[in-house]
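Some structures to go through are shown next.
In the two complexes below, chain A is the common chain; its partner is chain B in one and chain C in the other.
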Partner chain A sequence: MDRQRAQAARTLLFVTAAGPLHALNPLTKLMAFLWTVSAAIVLPPTLTLALVVAGVVLAYVAGVGGVVPAKLVATIVPLAAALALMHGFLIVRPDEVPLGPLHVSPAGFRYAYSVVARIAAMLTASLLFVTTTHPGDVLASLDAAGVSPAVGYLIASPLLLLEPFSKRTRAIRDAQRARGMNLTGTWKARVRALPALLVPLVTLALSDLDHRAMVLESRAFGGEKRRTVLDAPPDSRGQSRFRRIVGALAVVQLAVPLLWH
Partner chain B sequence: MKLPTLDARALILISAAIVIDNVVGETVYLLKIPLFLDCIGIFTVAMLAGPFAAAVAGALGIFIGGLTVQPFALPFVPVGFMIGLTAGGLARIGGFRTWWLAMISGALIGIPTTLVSVPIIVFLFGGVTGSGVDFASDYLVAVGSTLIKSVGFANLGISLIDKSLTGLIAFMIANRLPLRLSTSFRFFAHSRG
Partner chain C sequence: MALIVDELVFRFPGAPAPVLNGCTFAIGGGERVAILAPNGAGKTTLARWMAGLLPDGGFLNAERGGVRIGGLPATSFTASQRAVAVQFVGQVPAQQMSGAAFTVYEELAFGPCNLALPRAEVRERVDRALAMCNLEHLAGRDPFSLSGGEQQRVSIASALAMRPSILVLDEPTSNLDPESRDALIAHLRALPDDMTLIVLEVALRPSLAFAERFLLLDGGAIVADGTADDVMRHPRCVALLGTTAIRAAAAQIRDAGKWPAALRLPLLVDDGRVAFREAADALG
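Up next is the complex of A and B:
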């Protein structure tokens, strides 16, 4: 089981470490993540950027400092460039000033900065969650919290299947390339390559559907409204209280400005 | 109102659909084809198991994609829900009975999808999503259109093509499934020619 988990961990974004975030209950981290998403929408850009900095510091403390900042930069830089182009140069605003053949808008750049800060905060929180939480633990904590087995299955099953399937996709791609398929040629060649890549993939995903349904049914899946968890992730009254407060705060901080406006 | 329940078969179908949509999306992106095709799984669920299962697949697919590979996709959960619900509704009235009906249904699904996604793109992400659609939005803005109109028209244009092709592919997949499997989903009767 441990070997299986280690194998899966290598293919997920999850990083095996003994940091303080790894020790927290997945639901606590999920709630903190949802609070950050809500905060990123309502906070001013400077505070949102402070959330990003705090998240990156936390990533180093949690032992995932090698992954989070790199993924953050790789995702945010192209988005920032696109936003700067659209709002700084293309959208006509009253404050625009000429810069050679172009017109730039300081207000546009400020707006682009606020959106980048917002997306970066959401991204950092999400990366912290996925790098410190194994999907198997999400399922166990949902079961332990009394969530219906169907809901737990729907969330955890794709999380566990995603990486093995991505690996199989790469294997199919490599195999087709080895047979001479051109995946980097003209767009016509790439469109022609699409069915050869998609058909085996979709067939693979659906082929054992019947068998998996039988396995679930033969184990009386859903027979009980609540499943007993043998290895539930650690939880505490403090964390439970934290989840309730942070969850309520996430809703209130989002609802109040909306109602106010 | 009591929500419909999902049996083990539907749960596994939804789970497979979420995985299909994520890896197909990744494959299309790697091939640098200017489409998404990341709703094939949702459309297949819509044909086999109906609107509720498809709406769950759509919303959860984006939620899980957001938790793993595309964190900024999370606010688009209502879009996934809308795609599934509309696709399931169209499947119920026979919108996937033939290949050409599937393409028309796909294009129709693109309309409510755009209506739900455009406010999210404009007000939360400043009109940018990091996909190829941004170039079309940029162009429309540059020629003088407002941001919301530019994003709306750019997304609608791509959505109509993307979703109609998605409808066609999902139709082909569902109709090539082993009979033993497809007949076990009673809802699929609405999509048989």
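Up next is the complex of A and C:
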């Protein structure tokens, strides 16, 4: 199977490369991602920021350095600006000091910094996961691990159905424009046109659901407890052990501070 | 495997009249059958009943009668048993995709994998279905990026990969260009002899090449059952299927004594072209 060609038509973030992260089992990467999320919650902001730096370095090592930092910056910079504005200037705090016509709160900035650092660490980890892991491999590894096929389907289908959904949206938009609906004028005209776009989109999506359910049923989906896995991603005892340790660590590092307090 | 539709009466909730109204027929194992009816006559609903997808365990139930597959009520099958017994391919290609596959190969393997078959058998089935439907060159493509005709072939190949005893196709040629339609018809002709093929069509012409029995659906019931000629002679045939041109042309060719012995009616593009040219020459 050549997933590269299939991927070309999709809006997936997966990047084809031969890096060390690509070679890992998707479940190993998923567990590492969960550990990072857990660590980002409990670690102090400076160490969380270190996770971000480590993630970016890892992205270059993994051959996805062209995508991860760019996506990270594009997402985090506007968020950081908004949080800094809100917590540093707009929310009233006891430590605020006047700065010209404004009031500045150092504690607010510190809080914004800690939130941004946490989100950045989680985002970096998730970007590393999605750029180095094809969703088809996630499905296969879940099947191989004996996870219910329904869980895999829930993960994969939103990614898979994004493309036909976008096509449908474009077709409805074109159909409504052909009938004389103004979709390019003022924002008021666009808002007025929304129901004419959304109603058929939702109705057809519901109809699709019905058909999809029939297709799944006729192909015996869920008929057997386990599915055959054709191309299970490589796994090893070492990776399995690593997953258990990292998974346990993720739970413990979250639980200990909670119990301690 | 035989399929029996027995006195089936089915009405959609709130509908004033039933879609299927005492629909009754029996199809034997290995038969090639075309069920003909115009749009809105209940073909898709009947197909869903034959495929065991109705009743749905919710609001959609028969008022009377039902469907038996291999002598057993269709409702008594498990999902895997039903999938092996009967496969259904609907008429909107994009809606026939599982939504769980990133490539055409995976789409075809989806069903056999659900049956938990050995890997080698899954691969063998997929390779054979790809070859049968001329899809080898598309095996690595995203199913949703294909054209309607290609998607139609993918959905039929996916059904074939399940190796069903009964294959129900709802207007399989509706999205195909003439060349693809002829290729599909050739594939349908080449299906294993023991596979029962039931095709629901709005026109007589596409099914003439492979069907040996024709049923005419009108008012929710079967009103004609027999050969193509039997259906064409039915008083409602022209109104329902609009076959005036075909009948006239066929009559002309027959009268001219130019009807090719191996051809039941002009059907495939090339066959039809030759037959009509011969007829035109004969008629001067």
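Remarks
The rule is simple: the second predicted complex is superposed on the first by the 213 of 261 C-alpha atoms of A that agree within 3 Å, B and C clash if a C-alpha of one lies under 4 Å from a C-alpha of the other, contacts with A are read in each partner's own complex, and residues count from 1 in each chain.
As a convention for this text, contacts are C-beta pairs under 8 Å (C-beta built on N, C-alpha and C of every residue); 3 or more make two chains touch, one makes a residue touch a chain.
A quick note: this is a predicted structure, and the numbers were derived from the prediction, not measured.
By the touch criterion stated above, A:Ala250 is placed in contact with neither chain B nor chain C.
Shared-chain residue A:Leu123: touches chain B; no touch with chain C. Of the two partner chains, neither chain B nor chain C is touched by A:Leu27. When both complexes are overlaid on chain A, the residue A:Arg190 reaches chain B alone and has no touch with chain C. In the superposition on chain A, contact of A:Phe221 is made with both chain B and chain C. Of the two partner chains, chain B is the only one that A:Leu83 touches; chain C does not reach it. After overlaying the two complexes on the shared chain, residue contacts for A:Arg212 are found with chain B and with chain C alike. After overlaying the two complexes on the shared chain, residue contacts for A:Leu161 are found with chain B and with chain C alike. Of the two partner chains placed by the overlay, only chain C lies in contact with A:Leu139; chain B stays clear of it. Note: residues 153, 157, 161, 212, 216-217, 221-222 of chain A belong to the chain B contact set and to the chain C contact set alike, using the contact criterion stated above.
Note for the complex: chain C touches chain A at residues 48, 51, 53, 78-80, 82-84, 87-88, 90, 92, 94-103, 105-106, 109-119, 122-123, 139-142, 144-145, 158-159, 162.
Chain contact summary for the complex, chain A toward chain C: residues 1-7, 9-10, 134-136, 139, 143, 149, 152-153, 156-157, 160-161, 163-164, 167, 208, 211-212, 214-230. Only residues 5-6, 8-9, 11-16, 18-20, 22-24, 26-28, 30-33, 40, 44, 56, 60-61, 63-64, 66-68, 71-72, 74-75, 124-128, 130, 134, 137-138, 141-142, 144, 147, 169, 173, 177, 180-181, 184 of chain B touch chain A when the two sit together in their complex. Listed in rising order, the residues of chain A touching chain B in the complex are 12-13, 37, 41, 75, 78-79, 82-83, 85-87, 90-92, 111-112, 115, 118-119, 122-123, 125-127, 129-130, 150, 153-155, 157-159, 161-162, 165-166, 169, 173, 183, 187, 190-191, 193-194, 197-198, 201-202, 205-206, 209-210, 212-213, 216-217, 221-222.
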